[in-house]
Amino acid sequence: MSTLTKSEAVPAPQAGDAFLSVRDLRVRFRTEDGIVNAVNNLTFDIERGKTLGIVGESGSGKSVSNLAVMGLHNPKNTTVEGSIQLEGKELLGASQRELEKLRGNTMAMIFQDALAALSPYYTIGRQIAEPFMKHTGASKKEARERAIEMLRRVGIPQPQTRVDDFPHQFSGGMRQRAMIAMALVCDPKLLIADEPTTALDVTVQAQIVDLLKELQQEFGTSIIFITHDLGVIREIADDVLVMYAGRAVERGTMREVLKASQHPYGWGLLSSIPRINASVDVPLEPIPGTPPSLLNPPTGCAFHPRCAYRELVDGDKCVTERPPLELANGHLSACHLTAAQKQSILTEQILPRLSS
Amino acid sequence: MRLRKAAIVPALVAVSALTLTACGGGSGKAAAPKANASASTQSVTLGTAADAQGPAKPTPGAKSGGTITDLEPTGLDYLDPSQIYENQLQAISALYSRQLTTYKTDPTTGKTILVGDMATDTGTSSDGGKTWTFTLKDGLKFEDGTPIASKDVKYAVERLYAPYQTSGPLYLQQWLSGANYRTVYPGPYGGQSLPDSVIATPDAKTIVFHFQQAHSDAPYAMAEQDATAIEASKDDQQSYNNHPVSIGPYKIQSYQNDKELVLVKNPEWDPSTDAVRHQYADKWDIQLSVPQPLLTQRLINGSGPDNTAVSFSSNADSTLIDQIQGNPQLKARTVNQFEPFVDVYSINTTRVTDVNVRKALAAAFPAAQVIRQLGGAATTEISGNLMSPTMSGWQKTDPLGIAANPTGDIAKAKQILTAAGKLGYPITIAYANTTKWQNITAVVVDQLNQAGFKAQSKDLDATSYYTIIGKADNQFDLYRTGWGADWPIGSTVIPPTLDGRLVADGSNNYSHLNDPAMDTQMDQIGAVTDINQAAPQWMSLADKILATDVPQIPYAYDKLFTLYGAGLGGVTYNPGTGALDPSSMFAK
Amino acid sequence: MFRFLVRRALGSIVILFLLIALTYFAFFALPADPAQLACSKTCTPQLLEQIRINMHLNQPLYVQFWDYLSGLVFGHNYGADIGQCAAPCFGYSYNVHQFVWPRIASNYPATFVLAVGGAICFLTIGVGLGMVSAWKQGSVLDRIASSISLVGQSTQIYFLGPLAMGLFVTNLNWLPQPSYIPLTQNPWACFMGMILPWLVMSVIFWSNYTRQVRSLMLEQLSEDHIRAARAKGMSSRYVWWRYALRGAMAPIITIFGIDLGAVFSGAVVTEYTFGIHGLGFLAVDSVRQSDIYLELGVLIFSAASIILFNIIVDAAYALLDPRVRLG
């Protein structure tokens, strides 16, 4: 491993052409039980108009890292280090006032549970209009017109009347659309969608994904799409970042990661997706074991307690030494297996099972 | 006077129980008897015509002007003098009302005598004590300036017969017209008047009462508030209660039921007609329904108007008595005097028929322990007999040995029971279900069991306690009762509570004693025309009944323990009513 | 909303009727005899009978009950010595020779002023402290507020009242002896006379609000819609007041309604501690004197107050939380 001397930042794309550029992001929480290292050495870029899918289990740090981008962590118990640059402007260390100007305006966020994320006490219209008034200085009337327009754009029928409805009067899919309308009301350049489809049924999921894609094409918005559903990723993402225990374990284009994953965790993810064309007698294979505790993460490779291939690695490297994120067979992955081993496992064991 | 409201167990139990715990702090233990100055004992006697001469002797150091505040723990049931029977109201009405006679207490010596009030003297009797004649003083006027004549006194008595008159004393009506007096005469509102053969008014100054029997204590009966003068033209029956016409030194300026009674000077009152009352303060602010312990706290604090505050008849809150007694400055402005009340346990003689068993009960009775639970020496003192020390002719006797053996003589009681073959005699003690009486009853039950009884207790609803034990066929053997004399003569103690001919539901003869020999003696003493002779005879009859029949176990004389503001002078006590006398009070 | 109000009003009448009937018959089932209580020391059977007649107790119970009910609606004539009692006639207090209604009417203003002033105190102080506590969560300020609230929780009016009076009235002489002076007569004197009762009464209430508001605010602040609002770029202050407080207010309003009903129907202990003559005094008097009509009057009044505040709270809740539908 001659590349070990290179810093983990080396395989990062060159900053400059990226719209959002995250470098060595580290997020720690102080809790009663101790310090939680929620995100470590996370590095990624997004270009304008592109979509980055972030995949991982609950607690892998995917939401935490994006809340850090939005600057929504409570500074009292959270430390955020590294660098987050939006259009070349450093967000870490920016004042709350500056962040407030960006939030909802340049960057916006969609949450997983629209019912919880919308205040039950105000009308949909008001909640959409609020950021518009704040960021554009529009009047109440203009903001209301804008809200109706946004609702129409996200496909809410009869937006003139529905604008005065309360969230509880909307169906689940409509609420998610309203959330999207709220996020997009100021034409943000970056949209962070935190599992926006997880709580929805499959047909609605597809509609929402289509909607986001349409809007992206229309406005050229960059999207960070957080999910644990690789099926959705396939539909929308240009690039994919796989996170495990607060770290990136694999990064590449959607095609690279989904068709030629170079990480045992990625294989596990792929095997756990149901496929319409899969034969019924091949069982789905969930990843064995449970996600690690971030309070007390495993030594070496955080995935090693659940890894089926660690015998293939010499000695106890998996337990003692954390594998760096480095190029293997075309894209970045963090695993002690050799590139050849990875390729053979992929082609001989994983792909046949997926296509059978 | 009627049993004070406190005796009719207040429903405030819950609230006061809370306040007890709130202000606790060493109030639980009773003070040693010697720590309290024993209430002075001075019995009341009859005064002369000269004593009735106005104006009243100036109170030493008295000043005119200012406002005196009286704090009363409850509202006033009545302002109408004809309906007044409680010492609280008797004290207040002394400011605006007058009677034929009244009590006069010397502010310096504290000695109390009975004197003519509207009358020139305490009355003269003829016809063997059946006829009583009173002469009104000159210069008496109603608040509106109308002179007071004998017909107004007669009218005041006549209206006592009206159906709505149910609260005042019954003596005058019953003495004049018998027990069923209402059937004889319906009251003055139909235009009828009592005939001269009952009450005669030969001239504007003279009024003659013809009683059906001799009543040597008539002068005292005429000190009751209903022996007053009422202007027929101002009498609107029930409603008169809200605006009685004044004949005293003060008149009513405003009255808010349950809240406040304000009295101001009555210019028509002539000091030369009054041997008792002064008009020192400009105004009396009588604040009603001031709850305890706030009332006592205000008297202690004495801030602002409370500096000249007083409470006529309410004891200081039991939780604050120790604090008051421990502070010389506070103690200097206390009054601690005997009241006409005696607390007893009545023995149901229709159930406990063996007098030896009753004697054993009396021997075992733990008077000292009970008194400690009642609040100790400031408000009670162990009694050996049925008569309060305020009574005329009172003697410090102890026929049952209660005072001699205050903690009870268990051995002696057991001995009496054994001799009578009644060991294990069952006794049921009834009590009003409040914390205080629960504790006391437990003490008594325990003591009786040690003495060889088989005692048990039965709790009764506190509000209906007297109704239940008042039943002639009640199923209890021993229960707490009490009695306050209406005036300081035994005639208002012995016959009402011990005359066997009165036994009935609701009667005050709670022990149901029916001893014809004693009843005969009561009639004999009642016929004695010289009140000064009768008084000691009542005393000895009381002791004789107690020793012979043991119908009651007297255990405590009640005492008034109250506090007044540092800015108040001329505070005197009226043992006749058992309340402070406002007559000579002044704001310093 | 209108249908809701009509339905609730009708329901209230039924509840009140049941309350009256229940109290009435329970009262006469008790062994306590009002005539006996009114009978003086030297009570005789004749006197007792006269009192029974005077108090109309000699009539059958159902006749008395009917008279009372019809009096409530049509008024009642009590005969020559007492007079006509206009509708709504709440009966006559035989022991103080007054109609019940004037007694309630004369005591209610004191309770009203006590309740409203006290409620303003406990709501503002309680909610204010709770918000400070939540805002500076974990700070010294939070700990002080929590301790005060704990002390308030465990203290009692009859303990705190005399202490406060001793300090502010007697020793410092800053305030007059607490008393109720009608607002219309002298607003300033009314304020000065009531400020201590208000504050002392509010202590036991506001501690509850402090704790509730603190936990509700913290709970609200961790809600997704708060984060979403901040993600929209709304300022912390805006989110705090418009989102978190709004969400915390709904449960607070419910508690407030219940407390308000309680203080309006007579804060007995406060009234007794400070000697303020309100409904609580009448309530105690009515029981002590076995005055059934006063008891009923106070009961009806208190129950009506509580019911009214319940309706207001429900309506307010519906206005506050659009998810609640009144039907």
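The first chain written gets the first letter, and so on, giving A, B and C; residue counts start at 1 in each chain.
Operating definition for what follows: a contact is a pair of C-beta atoms (placed from the backbone, for glycine too) under 8 Å apart; a residue touches a chain by one contact, two chains touch by 3 or more.
Please read all numbers here as calculations on a predicted model, not as lab measurements.
Novice: Starting at subunit A, find the fewest moves between touching chains needed to arrive at subunit C.
Specialist: So the least number of steps between the two chains is 1.
Novice: Which pairing of chains gives the most C-beta pairs in contact?
Specialist: Ranked by C-beta contact count, first place goes to B-C.
Novice: What is the identifier of the chain with the smallest separation between its Cα mean and the overall Cα mean?
Specialist: Nearest to the common C-alpha centre lies chain C.
Novice: Would you kindly tell me how far, in whole Å, the mean C-alpha position of subunit C lies from that of subunit A?
Specialist: 55
Novice: As a quick test, compute the distance in whole Å between the mean CA positions of subunit A and subunit B.
Specialist: 91
Novice: For subunit B versus subunit C, what separation do you get between their C-alpha means, in angstrom?
Specialist: The computed centroid separation for subunit B versus subunit C comes out at 38 Å.
Novice: Can you list the subunit A residues in contact with two or more other chains?
Specialist: None at all.
Novice: What parts of subunit B, by residue number, touch at least two of the other chains?
Specialist: none
Novice: At least two partner chains per residue is the criterion; list those residues in subunit C.
Specialist: If we look for residues of subunit C contacting two or more partner chains, we find none.
Novice: Sort out for me which residues of subunit C touch subunit B in the complex.
Specialist: Listed in rising order, the residues of subunit C that touch subunit B are 30-33, 36-48, 50-51, 53-54, 80-82, 95-98, 103, 106-107, 156, 158-159, 162, 165-166, 169-170, 173, 176-177, 268-269, 272-275, 277, 281-282, 284-285, 287-288, 290.
Novice: Where on subunit C is subunit A touching in the complex?
Specialist: My answer: residues 223-225, 227-236, 243, 246-247, 320-323.
Novice: Residue numbers of subunit A touching subunit C in their complex, please.
Specialist: Touch list, subunit A to subunit C: 67, 70, 72, 96, 100-105, 108-109, 111, 113, 116-121, 123, 130-131, 134-135, 166, 168, 179, 182-183.
Novice: List the residues on subunit B that touch subunit C in their complex, please.
Specialist: On the subunit B side, the touching residues are 1-3, 8, 10-12, 15, 18-19, 22-23, 75, 77, 85, 163-164, 166-170, 179-180, 182, 237-239, 241-242, 256-259, 287, 289-291, 293-295, 297-298, 301, 303-306, 461, 463-464, 466-468, 470, 484, 486, 496, 504-506, 508.
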